[in-house]
Every structure is written in C-alpha cells, then in structure tokens.
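First comes the structure, then the notes that go with it.
For clarity, chains are labelled A, B and C in written order, and residue numbers in each chain start from 1.
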Amino acid sequence: MPKTSPGNYFEDFRIGQVIRHATPRTVTVGDVALYTGLFGGRFAVQSSDAFAKEIGYPRAPIDDLLVFHIVFGKTVPDISLNAVANLGYAGCYFRSPVYPGDTLNALSEVIGLKENSSRKTGIVYVRTTGFNQHSKPVLEYVRWVMVRKGDEAAPAPGDHVPRLPTVLEAKVLGEACPALDLSAYDGALAGSDYRFGDYEIGERIDHVDGITVEEAEHQTATRLYQNTARIHFDLFSAKQGRFGRRLIYGGHVISLARALTFNGLANAFHVAAINGGRHVAPLFAGGTIFAWSEILAKADLPGREDVGALRLRTVATSDKPCGDFPLKTGDEYDPAVLLDLDYWVLMPR
Amino acid sequence: MPKTSPGNYFEDFRIGQVIRHATPRTVTVGDVALYTGLFGGRFAVQSSDAFAKEIGYPRAPIDDLLVFHIVFGKTVPDISLNAVANLGYAGCYFRSPVYPGDTLNALSEVIGLKENSSRKTGIVYVRTTGFNQHSKPVLEYVRWVMVRKGDEAAPAPGDHVPRLPTVLEAKVLGEACPALDLSAYDGALAGSDYRFGDYEIGERIDHVDGITVEEAEHQTATRLYQNTARIHFDLFSAKQGRFGRRLIYGGHVISLARALTFNGLANAFHVAAINGGRHVAPLFAGGTIFAWSEILAKADLPGREDVGALRLRTVATSDKPCGDFPLKTGDEYDPAVLLDLDYWVLMPR
Amino acid sequence: MPKTSPGNYFEDFRIGQVIRHATPRTVTVGDVALYTGLFGGRFAVQSSDAFAKEIGYPRAPIDDLLVFHIVFGKTVPDISLNAVANLGYAGCYFRSPVYPGDTLNALSEVIGLKENSSRKTGIVYVRTTGFNQHSKPVLEYVRWVMVRKGDEAAPAPGDHVPRLPTVLEAKVLGEACPALDLSAYDGALAGSDYRFGDYEIGERIDHVDGITVEEAEHQTATRLYQNTARIHFDLFSAKQGRFGRRLIYGGHVISLARALTFNGLANAFHVAAINGGRHVAPLFAGGTIFAWSEILAKADLPGREDVGALRLRTVATSDKPCGDFPLKTGDEYDPAVLLDLDYWVLMPR
C-alpha cells in the first residue's frame, strides 16, 4: 500500500465526519516578521507590543489573516487535495486572539455533501475550527469545495446542503478583541484620526497604492502556512495545465488587499469576521495588486462602548488602479477584478 | 473628504513643526533572522548572543542599519510621499543600542525650508529621532528632500537652510556601545585579527565578493521596514515612469555594502554614525553589487580605551568588481558607482 | 597586506591542524519561521512546541538540516573558498538537539591531505564539529574537498587518506533524540499512522509533490546560514563561468528533498545521521524538484524501545516526477537526478 496520501475523494466523505488535521504549528515572532516582510502591514496593534499593551492587549496579537492562513493550510491535505475548485466561505469569525508562542491545531466537520449531476464530482461543505494549545477555539469558518470522485461509479456519500449565514451577527464580532482602554489609543501612532464615527455607509475608499507580486514571495508565504497545494509550487506540472503557470494561493490576494487598506482604514485594527468572498479571477506573479473598499454597514457590539464594527466590501484588482472603483459591468465582473471580499473590521469609537 | 492620506506637500510644512510618525514597531529575533537571510551579515556581535555577552552587551544588539531602516520607513508617509528626490543625510548617529523586544517610534522636526526657483518644489530639512519604548533616543539624523508643491500658487512656507555637520565628532560615537571587555573578544570567532591599530589612513580595501539582487528580496526587505513608498513595489505604475521598472530603496544598497565590508573589516562591529552619503545612481533588480572602502580618518573616543573609530568611505558599484577602486573620472562618477557613503565604525583596539 | 581573506590554498593545510571558524550564530524562532517559509516543512516535532513537549522534548527542536547548514556555512571561508569541487561527506551524525536561543560554533580538524597528480590541486579531508554555547557537540561530519594550490610549485603539505565509515552505526543514532513517551505521540497530528514497523527494506516511495526554486529563495536560504560562497550569489561573475548562471547551494536540494519526503514518511521526525551523499548534477533556479526514497535498512537503537532507525536513500530530480523512481541507466545517473542521499531517520515504533 502506498504510504503517500492520495487525499480524500468525494465518496470518502460522510456527513458528521470529524477530521483532525495534521501538523500543529507554534506561531512565533519569526512568523510575524516574515509576514510583515511579505505584506508590509502597518496596523499598530499587530506591529507594536507597546501600543497593544497600552490599550489592553497583553502584547501584540498575531495578524488575524495569518491565523486564518495557518488554520486553512492544515485542512488542504484532507479536504482539498482532489479539489476542482474552491467555491466559497461563510460564517468565518475570530473567537480568541492568538499570541506568539501559541500552538494552532485544526479540526473540520463535514456538514454537507452534494453530488453534481455529472456524477464525476461533488460539493463538500466543512466547518473548520482552529484551536490553540489550550483547546480554545480561535477561528471558525465554513468552506465548500468541489471535489473529484476517485471512482465515478461510487454512490453519493450523502445529500445535504447546509444553510449558511450570509453575514455574521454583531454579537460574535468582539470575541477575539479584549476590552480596550480608548483613552490610551494614540491616533498619531496608529496613523489616522478617522474612527468608527467618521465612516458612512456607502462611502468608498480608493486605497491608492499598488504591490507587484513575485513568485518567490507567494511561494514563501504559502509554505509559511504549510499549505502545500501543488498548484502553487510546481511549475513543471503547471506548464502542462490550463494556465501554464503557477496559480497564486487566493489567500495571498486577501492579505495584500488587507495591507493596502491601511491607507484609508488605518484604525481598522482587527478583522473580526469574513462574511464571504469570491476569488473572481486567478492572480499570477508579475501582477500589481490595487484595492478599494466600500462601507456596506455599521454595527454596534452589544455591551461594548470601546469599538464598533464596519462591514466592508474590499475589491482587489490586478494591473488596474482603483480610482474609479472597478467592479462589474452589468452582471459581469470587470476583467481586472481578482477578489470581492465581504468582511467585518473593528474600529475604535 | 478622502480618508487616504495624500501626504504633505511643500507648502504644508512649517519650520519648528514636529511630526509624530505612525506605526510603532516591536523589533524581534524574527526581524534579525529575516535581515540575516536578506543580507547575510556575519559580524559576530549582532550574530551571537553568547559572543555579545562575553564582551559586555546584555545580548546581541539589533543591526544598526536595520534600526535605521525601520526609523526611516516611518517617516516616509509624512515627509517624502510627494518627494521628487531624496537629497541627502547628515548628522546621523546611533544613541543607544536596540535589542529584540524593543519598540521603535519616530518623530521629526522641520528644521529648514527653501523653495526652489521654479516655485514648483521646495527643499524640506527634517531632524528625525528614533525612540525606544522608554522614550530613549536610539538614533538621530537630518535628511533633506525635494518635495512637490500641491498648489504652485501657495506662498513659500518658510525660508531657512540649516547648518549641518559634515562629520560627526568623536565624542558622540560611543553612545550606542557599552563599555567592552576586550580580553573576551575572540578574533577567531569574529573572523579577523585586524584591529583598530592595524588600519591606516588612506588604506583601501576591495571587499571582493558580489551579491545579485532579486525583486522579491528588496521588496521583502523594504516591507520589513514598513516603508511603503510606491516606487519600490508598483511595477504597473513604474512601467509608465522614467525608469520603466521598480526602483530599489537606496537603503538596500547600504545594507548590501555593509554586509560585503565584512571581508576586510570583520571587526568593525558597530556603525556608530553616518556623516553623509550620496546615492549616485539607482539600483535595479538583476544588478550585482560590489564594494570597496577607504580609511578616511581614525579617532579615539574620549575616555575610552576599549574601542576606536574608523571613518570609512564605502563605495558600492553595480556589475563592476572593485579591484581597481572605481570612483570618479574628473568630477564625474564612474557610471558603475551606486553609492558613496561616509561613515564611522567602531573597532576594538 | 590585503585585509580581505584569500582563503586557504591546498598547501596552507596541515594534517592535525585545527581551525576555529568565524561567526558564532544564535539560532532563534526567527530562523525557524524563515526556514519554514523557504521549505514548508511539516514534521510535527519541529513545528509545534506543544507536540514536542507532549512526547518528551523541552520544546520544538531546530530542524536538523538547518543546524547542518549553519555549521557548514561557517566552514566555507576557511575550507572551501578556493575549492574546485565539494567531493563528499561521511560520518555525519547529530549529537545533541539544538533549541531556539542556542548559539552554534564550528571547529574543523584536517584529517587527510592528498595532492592530485596534476600538482595543481589536492584533496583536503576535514572533520567538522558543531558546538553549542555550552561547548557540547551538536553535529559532527567529515567532508572532503578538492582545493586549488596557490603556488603550484609548493610541496604537498601531507599525504594521508583517512578511512571513513560508509554507514553510521546504530549506537550513535539516538544521541540527539531524548527518550520519548510514545503514548503521547498523536498520529493524526503527525500526519500518518505509518510507524517504524510498517516500513519494509526495499520499499520505495514516490513523494509525489514538486517544488520550483526561485533565485530569491536559494539566496535567502544560503545567506541565512551565513554561507557566502560567491558562486551562489554573484550573477555577474557566474555569467563568465562554466554554467553562465548562479549555482544553487547543494544543501538547498537536500532541504527541499527532506520537506518532500513528509508525504510518505511523515513520522520520520528526526534526521539522525547522513552516511553519505552525492550531488549528481547542479540545480538552477526555475527547476522543479521531485523526490523518491527507498528503505535501505532498518535498525534497532541499543537500549531503546521508543524509536527505530530507517536507513533511506532519497533521490531528488529536476523537472522529472518520480513515479518510476528514476536513478541510473547502467552506471550512468539519469540526467534528471540531482541528489543521491544515504541517511538515517528515526521513527516511533
């Protein structure tokens, strides 16, 4: 029997099945530095222990998206090794802050299965939870993926499509944010005086800057998350595939877009939740990423006066500055659009 | 009102104005590792906690130039977002060692303003100080930059050119170096037996080795410093500009040159001050950097018998080995020269 | 006298000569993160403090090959600056685990010298030992290198070829592995249920995945080890040489191959020894590395019931997947083969 893992095929999943994923990962200041080198984040809370302590954190927390990528990376060998396409996310929210020295694990439960009419593939819905070394949940999300069948004659292993939230409720948005002392929040150090009250629903912000992506950068980032999906790393095989080149991990675009949003949203110090997102087009090395955001909604957090939540749509493009907020023409996305992300950030009042 | 920062234009500055810069930054062993991976430094004091402790440091200090780049990076959004050219540095000296875990902040005071005759631009002189989390100065320097006017009709905001030192005095050169126990200084571990007394004024050293720069490397380094000046990252826009490609941050050349000087100056363990420097030509990815140095002067440090200071000129070139010490033909720099740097290093006696 | 080091020529070595190498190096979690970003290792023991503690380590140890590369890097300026070719390794074994915060030093003894018949070069045999800050050996190996003579008329400095082991004995294989509590070893977290008893001599494993190498990646890795051998970094000079491009450090291929072996050997948590290896062909950037392994032998460790040792041959190729285990045709290596490595790993019983 071959000892290399072939991954799971559609017929290998069962509703209710729980999968403990491999390779626990201690996150350190080393990861923080490399993540900074790769994305250039400037949010003060994640950048400075001193700033974070002043306002009520024990020290600077790990960037939310770095936590997401590490947890996500663990699920790849079990969930999406035989994936045709990553279809969507829902109900993603951060449940506890992660600090250097914490060790992350991940566990997924299969919550839905739906064979496609071709009977060659099916859709697998999993709820993944990331835990720290104290078995405390730090992150939870639902993801659905189209997975190949290993044996097309195999019967469908289940037939259930779960109901998923389209937007996270305000009451869960503060879970990973301690109570903050805003009297100590220094706007000059944070880079902006615009706070929760200064943003209006419908307001759009061009984040102006652009970042070009190199092969060495996305490979290094994706390996940092121990996400070893072949398509991101193997040029030899990619040359024979549909695109002829390596496909950049979709999460790389999310992290680049998040870093770009600093210019206009400097006080959006915490990504509290991701309602959903669409990777509209693939990104390839050599492309320059730009981004713009719209304020979709605002929410108070029950019982909290320190912070409020902004629901953002952030759109990232390749090789197209965003001064005129490119999005769609009719139902069709502008061909430059890569990412259309719907998420909640917290901002001090 | 747009929430993205347009940066300051020439007419926005005032003499005496004090600007507290954004994004405090905790420097960690993660930054040390990435800086080592990007430049390959081999100076024993910065590389080894054990070596540093033996001679009198509490642990290995952060590389001086990494401190410089981090402090410099913070000033970019406020000082040079609308810069036409970075004109010079003076009076740069290190005032206290920085250790992993320290948090750096930066503050600049406008000390001079001079409108150019075109009335389209002006020169802004700032004195920038980097502080640690105890508000102790770690670095100070003056920089002058040519900045565009936002409104050409605006009156000049001031008219004063400050007097600047051409060379730092010996008395300030030891501020960031604790008293050392030289009996514990191990030349074999440090990589050379040549000490302060072995170098002569006028002596020239070819540092022999060459390092080729890749786009991913300079981008990662410059983001590590949270320096987000667009010209270093945005290929899409650069293609439409004067050079047609990304311009590498000038500080990248300084760090490469410093790493190359190990071969010939292995005991020059501390950059104490930068008297001034000229970025003679821009560096682009694919270029191979070489360097040579000349001993311009030697100085005793008042009251100290442990270390002496060498004033060095280090010249870096692109695609030209430095065996014949390329510099100028008449008044014109050799076209291969990138950098002409005048600085002080400390060396054990 | 020039202060740059010319390195040692063949006639500069003496049998019995002991060389203490420069630049002690404190290894940190920053190095761990960057090494993860460059190679994507997923072995649980090195990835997770929590996992390592559960089974009996005080915390996650530094990856064995990272230790090897750092120790090796120190020897380059003294041993192989004037090398024509790196000929081989023998008797390499790990003698103590290394943890973040430890400082590594290296020392080499010349144990053999043999002039070549051309009298232009000779072979230098050195036994190198890596030590931690407590002067405890962490790694030992023999290496032989063909080194140029500086003066062809110089007499041969010695004439002795040492006897070298072809394979390390089982009794030394556990030195760098503490006694483990296997009841706490979690196969799901480690990524596989296959343990020592599940592998058979002669079994071959295709590791399936491929990783393409970029210039920025191998340069960053090699600098991280402070290995500054010019051929890896200097494109300007390399263009005038035999290959016309930068040659990737052979150790880069070893680390990539080790990372690939996770798929099929997930519980091979510790490289205990390297019996020998051959860099069959050079690797260049742009190549995609694949690997396969064969179980050459199995060994019990005297007095230990927790772990056993597998002797592996791992073969790495460039641009050739390893489903049919490419190796040799007659006596000739398949032109795609880069590396043929013979080593011992430990695996829980």
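Worth a mention:
Just so it is clear, a residue touches a chain if its C-beta (ideal position, glycine included) is under 8 Å from a C-beta of that chain, and two chains touch if they have at least 3 such contacts.
From a predicted model like this one, the values you see are computed outputs, not experimental measurements.
Under the touch definition stated at the top, chain A and chain B share these contacting partners: C.
Under half of the residue numbers at the interface between copies chain B and chain C are found on both sides, making the touching surfaces mostly different. In whole angstrom, the spacing between the mean C-alpha positions of chain B and chain C is 36. For chain A, the set of residues that touch two or more other chains comprises 28-31, 33-34, 214-217, 220.
Partner chain C is touched in their complex by these residues of chain B: 28-34, 36-44, 47-51, 60, 188-192, 194, 198-199, 205-212, 214-217, 220, 263-266, 286, 288, 290, 319, 321. Residues 2-5, 20-26, 28-31, 33-34, 77, 101, 103, 105, 133, 214-216, 219-224, 226, 228, 230, 233-237, 246 of chain C touch chain B in their complex.
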